[in-house]
């Protein structure tokens, strides 16, 4: 039981975070909250990837052998590839957040509210 | 390693490079932005055409970015399909781009550099998606294209703002779902290269995880391609987007997402992989069938031309999804053919709609009365596009339907055949409605129609609709200016030309490409 | 929030002490990116965070490391241009796009203490590009967002 | 056996009207005489081409143009788009080209006389429709046929809606809905046949003969194909677009009802019955009976309905519906004589009905009268016109020596030949009904005195001449069906090909 | 609508947890992701790129094209914000009748 | 083994995420989101992804938070939900 939890909890936890973020995007009326939800949603995916890169008994991916002696054993390092991917994903996330916020500001200037329901009324009415 | 042909770099690299140049140069010399953008897209189109020619001569080839062979590095996969689709995207964009200058001056204010920079980034993202052979790389370029598209849609005015924000949220969910799916596939196989992933997926022990990955990938791309029931962002976004952007995004954006989905079928997931415990293919087929009917019926109920065309896009994309869902080589080829055809047809229709908007300012179908003779080229192109959409023989739309029907018959999927055939009738219903208004209704005075006067109306103040004199707007309407009708005529000609060339494309490009 | 936090101490700490420190750290991260954790992104993010912090604490008053918008756009484009240069240079030398294997490094190794390989040179070039791009764009976004309330 | 060789002539026959359309639309209304001359010149060119082809065909030399031949690397047959001047096709092709010249000249007179709007569009669409009809006639296989068949629907749509009134628009929508649905059914059938691996090249005796399909498939295919062409052939209950389409200008009605559209439908029925299924398959399936009963019902109901209509054009429309079913019934009876009769009836009805419509149009231009009840005494004022009407009516009823007597004779004889005497009675009854709805008009026109004292003269020469020519043709072809164009020989060739002596005669013959 | 959303979210979480049962264990050395590419990358970094930071080597060399794309994402965001907040603001609202 | 530490951090993440989504004061929500990002950065560092942690701390906790605050300073602070 404990083993199962130990082996699986990162996936479960990221699943929960994912759903929480998605709830924020779909269920909240405030557009700001939707952006916050988007942020949470993206970080859940980042955590999902990174927790998959773990390796028993491994350390951070810096090869001390390069300017020193000996050869590096790949098993000594956590898998660096997901890290690279997630660096990219974080940056993408920030970019999207930035654009979303600029949308928010622009919408607020135009409509004076960020409540989705009021906005919809405004547009349709 | 033999030196590789450097051609493919220009397809994506040229728009990227000049996207950097345009914003700064555009500040110095305003008109340079448009010219540079146009030239850049032309370069990309030429590079695509040469790549296609090379593929046809020598067969598919890869291009290793950074000189690292996959799976370590990232590769471009230039085969018949990707070369053709990138050629179509770049050339359709080129034609549409010619016409955007007129709107960009108004809609992008005094900073055309920024606007054209984003347009180039949009195109770079789209072509990047098309040629890439990496799963994660596809995500990155998908986001470039999407971000540019969000912003371009957003500047269309009051209503476009909300539509743009909705588009952003839903699009981001789509992107994130795709990324999650890639994560699942990556953890099940350990690779990010499409072709290698296919090999590894055939022997994977983590099939269930990979299948769920497939579900997420398809959900993500489905959101981007507005597959029913994930289409909610599309009608608003297409209706309210600025004219210049509309005809640019509508023909290519969703098509590229559809292409990406097809790519997943062709090069990532092995045959049979998607019909196991998680029947993605069947789901796609069913959603596609629902979407065809739903989109057409919804389109018939619209009074705004662009909204009608947007729903029509939903229907046509669902058609592509049906092809993917069937999954046979013929069906996939038919879906690809429809991607190509539909890009040309929708570009024609949306550009015609923009042209009407430019001269008349009205978008309601019932206000186009008598417009046919006044804007002969515009409405002629619209008519040709409509006929092609309905699928009357020599035009482009007929052949994709023909092949799809055959594929459905091959598989014994009668319902597919019935729905595909029915869809052309439904398409006729809403498109001929417009043509009837434009050509066959005698112009008669109508009272006020102030609700039609949307923002972003006509360019010249004389043709702007006003409450007391709406009717004379149509009566005074002139043919669109040269730089609008020229691309329009070329696109319409391309629609017919594609119809004639369709079978050749099918024989030499698509069928070898999918098998 | 632009006036409330306007205290001398905060001003001093932020402007004279904290921010230069963060920026120095950021540049360290950039230059050391190949050896220890870090690189263009991280450095760019850190420096941008520092610059944004200044703006946040001091409001958008004059002198708060205000950078003209035109310059930011130039900077971003130059950053991206440097990156593209790092990609196109190998193309001119006859290799694939972004293939650093034959980037000339002798000129650098002549007077550098620690020799670089061609590849690490290429990595350095694009890290610099990324750094400028990220800093410029993030600052630009903030300036536009926060500045939009005051026309 | 005839030999087939590649030639550009069939394509030329299709392209000539396309060229005329292009020239007409480029000339525009600024030079109306030049614009209208194109159609006549092109019509004469087309007649020349078709006559050459006809002579060649009669010499057993079949011209063929392949537009596209495509192997898709999939285990179904090649996709071929080809035109071929075979005997059956030539009958329709020659008819179309000859009547186009006449209808073209007539249309000039009519359109100018009525001061119709948008004449350029009219003439362009008219020429394009002819091109599509020629394509239908010369199509070598089912796919090519479907292609041109769809185009025909599209090009005739602007003609139906030409007047742009509310009722014209409604009629146009109805027309489009019916014909596009029919086209869709045909596409479905064509695609299915392609997938089944059947080579869908038209072959006398039926390409499905020996294809080894099971009977359910055959029935479904039969439903799709017969339904698809049945729409244009206005077989009840698919006929209702036709009377509505009468709102169009009269040359259009003439074109629709005599030449292009409905004839394409019945010609399609010939193709489906004889060249797709063939006698033995239809007989085995029993499908002929369904077709025969439906067409017989249409025949009688159509004639009866024609009686009830006072509007001249509507009366003629219902007459058309009934006469089209003559042909469909002739196909359904699957005998060589019935088929000969059916083919002759296509030609005969073409020239006869076009005369009647021409006359209706001429009367309308001159007097603006549309109803039968208003035609008292018109015969004395427009003697040539109404004389032609009388001749055509005689032909319609089937009085010797007119052309329709010949065809009806063969049809009736065919019914007897296959032992289906009840259908002979149907033919006879319908002939009497024809007399009942046509003769009163003649009597009114000649025997009664005009109620008002306005005097009308003959219509424009451009209208009277075609009327006279077609009426004379109806007579000449009746006297000598083989002169000058050899229709009888063509029809009997087709019949002989379709029913070689080895094939047992169908239709329940013992 | 809300009920539908919660059902969807519940289904999503169930799907994710169901799928996770088939994913490699946490920190499993035998996971495909750890077995397949990682050793090759380490080796190539040591022999070809010769810098200690594996992540930097992958980021800026092996997958530098991804990084290029990523930088362009940021750049796109910058242009997008400029367009939205600066350019579009200057366009007059064109709805004469509203 | 430190997996329980990760587990605890994950738990905290979920809690902060929920708080960030449910508080009605925008500044508070953004502050909580910054805390969330910071915790995520710690977790990432714990899992050996130092580079990612650095970036997440700077971008996620720093820049995103500042951007959000910058945007909120322009719009209203209270939210409907």
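Letters A, B, C, D, E and F mark the chains as written, and numbering starts fresh at 1 in each.
The rule is simple: a residue touches a chain if its C-beta (ideal position, glycine included) is under 8 Å from a C-beta of that chain, and two chains touch if they have at least 3 such contacts.
For clarity, every value in this text was computed on a predicted model and none was experimentally measured.
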**Study point:** Intersection of contact partners for chain A and chain B
**Key:** C, E
Practice item. Please identify each chain that touches chain A as well as chain D. Key: B
Exercise for review: Specify the chain most distant from chain C by Cα centroid.
Suggested key: D
Point to revise | B-D against C-F, pair bridged by the larger set of C-beta contacts | key: B-D
Review point. Greatest Cα-centroid separation from chain B: which chain?
Key: D
Practice item. Could you put a whole-Å number on the gap between the CA centroids of chain E and chain F? Key: 18
Practice item. Determine the centre-to-centre distance between chain C and chain E, using the mean Cα coordinates as centres, and give it in whole Å. Key: 21
Check your understanding: What is the distance, in whole Å, between the centres of chain B and chain C, each centre taken as the mean of its C-alpha atoms?
Key -> 36
Check your understanding: So how far apart, in whole Å, are chain D and chain F when each is placed at the average of its C-alpha atoms?
Key -> 78
Check your understanding: If you look at chain A, which of its residues touch at least two other chains?
Key -> 6, 9-10, 16, 18, 22-23, 51-54, 60-62, 81-83, 85, 87-88, 91-92, 94-96, 98-99, 101-106, 109
**Study point:** Junction residues of chain C - those touching two or more other chains
**Key:** 35-39, 41, 73, 80, 84, 87, 97-98, 100, 134, 138, 141, 144-145, 148
Point to revise | Touching residues on chain C, where the partner in the complex is chain B | key: 70, 73-74, 77, 80-81, 84, 87-88, 90-91, 94-101
Check your understanding: Where on chain B does chain C make contact in their complex?
Key -> 3-4, 6, 9, 13, 16-17, 20-21, 23-24, 27, 63-68
Revision key, fill the gap. As the complex stands, chain B meets chain D at residues 329-330, 373, 387, 390, 392-394, 398, 401-402, 405-406, 409-410, 417, 421-422, 424-425, 428, 432, 436, 439-442, 503-504, 506-507, 511-512, 515
Revision key, fill the gap. Touching chain F in the complex, chain A uses residues 5-6, 9-10, 13, 16-17, 20-21, 23-24, 28-30, 32-33, 35-37, 39-40, 43, 46-47, 50-51, 53-54, 58-61, 78, 82-83, 86-87, 90-91, 93-94, 97-98, 101-102, 104-105, 108-109, 113-115, 117
Check your understanding: In the complex formed with chain C, which residues of chain A make contact?
Key -> 60, 62, 87, 91, 94, 98, 101-102, 105-106, 109
